[in-house]
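Report on one structure; see the data block that follows.
Should a chain be cited, it is by its letter among A, B, C and D, assigned in written order, with residues numbered from 1 in that chain.
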Amino acid sequence: MVYTAAVSGASGYAGGEVLRLLANHPHVEVGAITGHSNVGQRLGELQPHLHPLADKVLTETTAEALAGHDVVFLALPHGASGELAAQLGEEVVVIDAAADHRLESAQAWEKFYSSKHQGTWPYGLPELPGQRHKLTGATRIAVPGCYPTTIMLGLAPALAAGLVQPEDVVVVAATGTSGAGKSLKPHLLGSEVMGGMSPYGVGGVHRHTPEIEQGLSWAAGTEVQVSFTPTLAPMPRGILATSTAKLVPGTTEAQLREAFAAHYDAEPFVHLLPEGQWPATKQVIGSNHVTIQLAVDAHAGRAIIVSASDNLTKGTAGGAVQSMNLALGLEETTGLNLLGVSP
Amino acid sequence: MVYTAAVSGASGYAGGEVLRLLANHPHVEVGAITGHSNVGQRLGELQPHLHPLADKVLTETTAEALAGHDVVFLALPHGASGELAAQLGEEVVVIDAAADHRLESAQAWEKFYSSKHQGTWPYGLPELPGQRHKLTGATRIAVPGCYPTTIMLGLAPALAAGLVQPEDVVVVAATGTSGAGKSLKPHLLGSEVMGGMSPYGVGGVHRHTPEIEQGLSWAAGTEVQVSFTPTLAPMPRGILATSTAKLVPGTTEAQLREAFAAHYDAEPFVHLLPEGQWPATKQVIGSNHVTIQLAVDAHAGRAIIVSASDNLTKGTAGGAVQSMNLALGLEETTGLNLLGVSP
Amino acid sequence: MVYTAAVSGASGYAGGEVLRLLANHPHVEVGAITGHSNVGQRLGELQPHLHPLADKVLTETTAEALAGHDVVFLALPHGASGELAAQLGEEVVVIDAAADHRLESAQAWEKFYSSKHQGTWPYGLPELPGQRHKLTGATRIAVPGCYPTTIMLGLAPALAAGLVQPEDVVVVAATGTSGAGKSLKPHLLGSEVMGGMSPYGVGGVHRHTPEIEQGLSWAAGTEVQVSFTPTLAPMPRGILATSTAKLVPGTTEAQLREAFAAHYDAEPFVHLLPEGQWPATKQVIGSNHVTIQLAVDAHAGRAIIVSASDNLTKGTAGGAVQSMNLALGLEETTGLNLLGVSP
Amino acid sequence: MVYTAAVSGASGYAGGEVLRLLANHPHVEVGAITGHSNVGQRLGELQPHLHPLADKVLTETTAEALAGHDVVFLALPHGASGELAAQLGEEVVVIDAAADHRLESAQAWEKFYSSKHQGTWPYGLPELPGQRHKLTGATRIAVPGCYPTTIMLGLAPALAAGLVQPEDVVVVAATGTSGAGKSLKPHLLGSEVMGGMSPYGVGGVHRHTPEIEQGLSWAAGTEVQVSFTPTLAPMPRGILATSTAKLVPGTTEAQLREAFAAHYDAEPFVHLLPEGQWPATKQVIGSNHVTIQLAVDAHAGRAIIVSASDNLTKGTAGGAVQSMNLALGLEETTGLNLLGVSP
């Protein structure tokens, strides 16, 4: 069985990674690829690393161009997907890599995105409690943000098991520059990013904050409150998240390890590493893997959990393909792997 | 007036940076440079960036070699400086870049360094409340660690002003690889570090934790408790520290800004940036500058303070030279500057 | 049909890349993995990016450990493979990633490697004229060096077509640091390589020089003389080779393009890019692809040919697996692809 | 004595480096700083590493703004400096970092820059034979390009001494990304440059080619012909040039070393390294130093000369300040140094 897939935003980083994974997927054939400012160009000029697709040509992103495929991936700026999706048949599997349909709270949406809420779609993170079954056979899926994926997978088991407190979670994470997309901003120039680190979106204003709190609240069964600070690191890909939460008094490291083991031992893509090994983004580049390790800081009374992912793979396109597999009834791991490209 | 200075550990990164600054210092002449495994080699082979000193030859690190100078810089592994210093005259200004004489608590020393405490010397961070006057005319100075320098300068004004709570400070910091020295360890190879980030010393076990708590407790006037997680970033130099503390209820961002302004407006090397500008390590590479910015996250109830430094300059060798200036009665800023090398 | 493969040198970069490719190969099962200083360790500790193989344990590299497999990959220091291979059955496919069996000239071997020549095996670069048929069904294969692969593929078509002169070829190439292996040398530390470039092996002394001249002489049908300068670039992977040769008077760019097209149009892994597009190492990271572009500098009377590869994939492990496929009678492209991981 | 200096293009990399050096110069005070799209902004927002100048505000680049200073630095796009300079008094020292006044040949200018030739000014590379005396007291100076500086200093002594042949010089050089300026082009994004190398301007079309040939022809006393290929390396600063030329038969390495020694032993900023040490860009970052080493490849009949510089310092702003010192009758080395910032 082969499904056809259209990919919008094909000239960007998210679209490019979706195409890289689809080109290797045994049950998908890439159909239309669309863009806007690059319409008419060969993909080979825009994404020269995708040689098998080099001769495909970008067309304008319209409902007509995307129609007629079994699956449509939307990798567009926020705000564009709702209207487009409405013009596609309900039987088409639409997978949105933008934020538009992630948040349940219209209030949170409007506060952080300053626009009208477009509704909520099944959330493409099957490893989060209660989500996988909603994705099986779904035809509309909201792919989680890269930070939320990495951070929530690091904290969910501890919160779900009631071993850490939900009200003062502190997260500091570093992302590679592809997380900012291919946008032409001075601070993203190579000369500016190589050799240095800087923060951004400090003080709870990053748009991923409500999404992280939403998913963690689902896991905890109670409201979770997060202080989140993102930083930009001099690397193209990868997220390293350091998440800390106050221990429920009496919690031991062994209890935490058991909770993570119970949560993830059957998961194909998320793993607690053996004791003594710590996540590093280079372990997971190009793969759909999330690696996790934890420590108890008894002196400070906090659990410290570190998780690593590739922001473009499990954090975006890999998560999207994994969700597509569930939607289509394929084996969840089809076309994805656990082999990072390193060093 | 010209003082003579000897530098031990001259083949390492800390020693090299001390030499770079001294070669530019108008009142210092570099005398003996010493090492161990590289004895007999020209400095030009070991530190080819220090051309004006290229023909100097390393001798063995002994009290005899170091004696006869006005100032002696010790950039040795922990544990070596106490005995050496005891053999140098009391009138010699001995500046120790290792940790040996930083901690007041023998108990903390023994817990984190597994060896006998060697006593406490004046602490070379004049910007910390109560420290500058102890450095003026001192003949023994302990240079602070690079993480403590960066983190304490970010938190001290808020704690000293009583605007944040001392009991649940959470810090995550990223360092460039030179912070780990020139040691030949597999995880420090270029192939391993380029393109990735990883944590280390997680769970309160990093040796800088008690030093950070000591200095912040001096500033706060009460015991401060810190959860500190260091991470390794793919850059040669620089520290970016994200420090968060629970707000004392009612604290506003304006109050915090005023506290930082009052604390640092007269300081030559530490500055709160104008609103809207955030620290980035590339602003301060090669300089003795520490830049700071803060935000109040009302939702999470925390102050988020970000500070940046060059771990080898203000974090080590620049702090050492600044302290030397105070010890010798020179203008504190002599031979140091605020001009980062960027991009 | 599934073949078993043993991999020696499993803790190094070449061995790790062989394992990454084999873990994805549909007709190979990884058997013994061997090393020396890391015997007894889980692969997960040494190569954490290879999660599916994490629980395999390294054993000592001996003929006994390697025996009993259909294929044996040797990724050992130079000088070790001859003796080992002699103890393996003649029916075993032995693929040597070291230089031992690449050179036909015992004199060249002895000059550049200062040891006794071990004989010559079929040369694992099927794209070089006259080589592919020697690999089909072979049981001993010498994998080319990473520089020779990249440089020879860039020059061979021009020399074979008689469009450039063989006597004054000048090549300058840049490699990522993994080309130097995982050896603990000071100049390979991250602090030393990030942010800088340096040359090495200048003046015709690099060991790949005679190998490049040998392969190009095969292609040209006459002796080719090369000046080769390698440089170390601040990136983990990738080779960018700039090869120039004097034009045979009257040669046009169109003639050169035709020669390259004729040479490579049927090749799965080597491609002349469309006019206007230039090779970049990021196009090919993690893939078995070599991309090429050329220009005629009429003023200087030279053809300039630029080629890019991943030194660990097509330059080492991918070339090895491609050769294995030919040796086993499998489709040459099995388990390999043209999808680089970028950005 | 203090001179006033105006700096145009103050928001760019060349202008920023000029300002960094002037802020440290004992005989210069920075006056007007000008730009275009950033008029009205504080320098602290645009060049946050230049803290001592942070409160200066950019004004529009006009002759009025630049007038009234002793020295005017022009760091503008090509084509803008001729007209501006004509409006400044003849007694003002005008130092142009653009290419406009470098070439003597109007024909070469028109071919490579497609615009009308603006005349030729004294060439700001005092280490090139016959240039220094033209700079002493000059009021119009053309600063050489960064590639030409690095390449010509590597080849001039060998050509001047008649030890290598002028007709088939081959140069391949790598530059850091700041060489491309702060322009917002997709291929200069951090995500695109980190971890990879690529060529550009291949085939003799790079605009620095005629400039290199001009300077080398001055040195050789005969026409020199160069094949030049530039490449972009994943680092912010630095140029590493590999220059090769056919040996005049009988030339020995000792003769070459003597020629370089004779040429550079009295030069403050250019040095042949001791035998066995090779240039690396990290030796010279932030300094005005050019380091050189050479080898004779007897087999290939070529001299291989490697030279390293910081493209923004000696390659642009340092060369400009050095020229200014000569123009003003100051000590040539004032405000410049040989201390690289490394690692």
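We adopt the following convention: contacts are C-beta pairs under 8 Å (C-beta built on N, C-alpha and C of every residue); 3 or more make two chains touch, one makes a residue touch a chain.
Just so you know, these numbers come straight off a predicted model, no measurement behind them.
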Intersection of contact partners for chain C and chain D: A, B
From chain B, the most remote chain by mean C-alpha position: C
Between chain A and chain B, centroid-to-centroid distance (C-alpha), Å: 37
Rounded Å distance between chain A and chain D, as computed from the means of their C-alpha atoms: 45
Sites on chain A at which at least two other chains make contact: 13, 177-178, 191-192, 194-195, 234-237, 280, 282, 285, 342-343
Graph class of chain-chain contacts, one of line, ring, star, complete, other: complete
Contact set on chain C toward chain D in their complex: 168, 170, 172, 174, 191-192, 194-200, 202-204, 209, 225-227, 229, 231, 233-238, 240, 242, 244, 246, 278-282, 285, 293, 295-302, 304, 306, 308, 342-343
Chain D to chain A touching residues, read off their complex: 13, 176-178, 180, 182, 184-186, 188-195, 234-236
Residues of chain C touching chain A in the complex: 13, 16, 20, 23-24, 42, 44-45, 47-52, 177-178, 194-195, 236-237, 271, 273-274, 277, 280, 282-287, 289, 291, 337-343
